[in-house]
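Each chain gets a letter, A, B, C and D, in the order it is written, and its residues are counted from 1.
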Amino acid sequence: MNVGIVIVSHSPKVAEGAADMVRQMVGDSVPLAYTGGDEAGGLGTSVARILDAINAAWSEAGVAVLVDLGGAETNSEMAIEMLPPERRERAVICNAPIVEGAVIAAAEASGGSSLAKVQAVADELSSQ
Amino acid sequence: MNVGIVIVSHSPKVAEGAADMVRQMVGDSVPLAYTGGDEAGGLGTSVARILDAINAAWSEAGVAVLVDLGGAETNSEMAIEMLPPERRERAVICNAPIVEGAVIAAAEASGGSSLAKVQAVADELSSQ
Amino acid sequence: MQIDSALRRRLIEEMAATVEAHCQELTELDQAIGDGDHGTGMKRGFDAVLAHADKLADQPLPAALRGIGQTLVMSMGGASGPLYGTFFLELGKALDENPDRAAFAAGFARAMAAVAARGKSEPGQKTLLDVLAPVSAALAENETPAGIARVAAEAAEATVPMQALRGRAAFLGARSVGHMDPGARSASLIIGAVCAVLEGTSG
Amino acid sequence: MQIDSALRRRLIEEMAATVEAHCQELTELDQAIGDGDHGTGMKRGFDAVLAHADKLADQPLPAALRGIGQTLVMSMGGASGPLYGTFFLELGKALDENPDRAAFAAGFARAMAAVAARGKSEPGQKTLLDVLAPVSAALAENETPAGIARVAAEAAEATVPMQALRGRAAFLGARSVGHMDPGARSASLIIGAVCAVLEGTSG
């Protein structure tokens, strides 16, 4: 099973649009979930929804989480810490831009790469 | 007048969501326009719409264009070349991620920074 | 310091009321150097805590603190949600049911360290850590509740001339100077609320 | 080579008909190693050119070519739009009204260089440049239209074992090997269409 991709943006529209771009590239070959917006529907993120997204995109090969700004990252960290212990090690936050990183990570994941490889390829984007 | 920000995504939703995030940070202090989608409304970009967006966000201080993937960049380059000569030098494409770059560039622009400074701050994101 | 169920309830109510009363102020501070949602985020968080006040106050202090942290994490939605959440969660893990002053100071220091780790930050970067750090020091020095509230308020004020190096305010670079950090202000308000309640009791 | 208005019209029609006939094939090639829109993008572009065929064919060759380029740029919408657009625009700038074979070969080479500059790319990266480059060489060697069409088709085939280093296919790394590049295929189709028309005339 391929590595899953989770997109966590402050904006529900960014999250959904980035997911559209991922789907266009990799079809259904990669588990994919996205979330954006805080508990009240404003710009922000929600730990509960991030948890749901991680579980929805869950793969035994792990999931790579793409985030935009600060709060999306810290809230995703919290969500990962709340996963059951056996899942916790297999959910990683990429140090990559959310849209470009999601497309690249998904393309890599669609080829059956390991979580470490998917993360490394996405992270490379930040150092180009 | 502050530098303008133009957001050019393959996805109309990403473009609009990123613009929402920019507006939340800088209000109306920065001219802002966005576009996403090809001529048929699919994922892609349109030179004509990019031109419209650049003109809509036009500022005498120049505009910084944020793009996501390959086609968004080349189409934005074409659009810039089609600007009247006196505008051409004052429209630059940032080498920065679209969402994170738009927010950072807009925050910088809102302080009255020059186009070169706005671009430099956004470009730094790619080398962190 | 005996913090019984009634006192736990009063602490929750006072924190929530203080956040409610200062929601607009926090919003405005965050509008100046951030995205303007710190007031609503804090209010959402402490309203959620208030909604569960009965259940939370009924639990022993450590569980009550962990419950508050969990509730804040799940409801706030901004960068500060996991920071406040982590603070209460770790404080709950560090304290026993009847902490003495030294145990409380040590627990506070441990919770603050967890916040710094979560935020990859340290004092001096114009964040809520710039309030937590001097308060932690004052606690260790056996300061009174009123004195601690004063330390917190002054520490929040002291963020005004700082340049932000963490969070969205950092995007503004030098322009973040001249504004109080919203998170520092909210931390001083929460600490002030707690101190006001405790000052009225044994101390 | 005299390319009069009627011939210009036939060239436009043949290019558009070829793209139309192979739209699905281009889509499938792009689905394999890209985002699957190259067929619809090419069709949108050449349909737009066809829609203006009268106006375009009435203009002298350089203006007609520039008009085609402009139309492609404004309608295609993918990474290949500015590349095809640049090719026709630059060819139009390079040629005069009645280019001889040498002038055409030189103009083609210049247009190809502009495409490479636009794409920040070079032959060997599994793109349409891998078709344009051998065709440019064959033109300089005075190859017949039929021969050039063959060179183009073979060059497109030769992209199958290449690894993509530009465009979205590059995201796939080694997995891009084993598929024909959609842009190389479309370039070979366009060149084939032009050669088929010219082969039927003086050559």
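Methods note: a residue touches a chain if its C-beta (ideal position, glycine included) is under 8 Å from a C-beta of that chain, and two chains touch if they have at least 3 such contacts.
If you're wondering where the values come from, they're calculated on a predicted model, not measured in any experiment.
Between A-C and A-D, more contacting C-beta pairs join the chains of A-C.
If each chain is reduced to the centroid of its CA atoms, subunit A and subunit B end up 25 Å from each other. If you average the CA atoms of subunit A and of subunit C, the two centres end up 30 Å from each other. In this assembly, the C-alpha centroid of subunit A lies 38 Å from the C-alpha centroid of subunit D. Put simply, the C-alpha centre of subunit C and that of subunit D have 64 angstrom between them. With touch defined as above, residues shared between interfaces to two or more other chains in subunit A number as follows: 21, 24, 43, 69, 103. Looking at subunit C, residues 35, 37, 168 sit in touch with two or more other chains. Interfaces, counted as pairs of touching chains, are A-B, A-C, A-D, B-C, B-D. Listing the residues of subunit B that touch subunit D in their complex gives 38-40, 42-48, 69-71, 74-75, 77-78. Put simply, subunit D touches subunit A in their complex at residues 31, 34-37, 168, 171-173, 175. For subunit D in complex with subunit B, the residues that touch the partner chain are 35, 37, 40-41, 44, 73-83, 85-86, 118-119, 166-168.
Subunit B meets subunit A in the complex at residues 9-18, 20-21, 24, 36, 43, 68-69, 97-101, 103, 125-128. Taken in their complex, subunit A has these residues touching subunit D: 21, 24-25, 27, 103-104, 107-108, 110-111.
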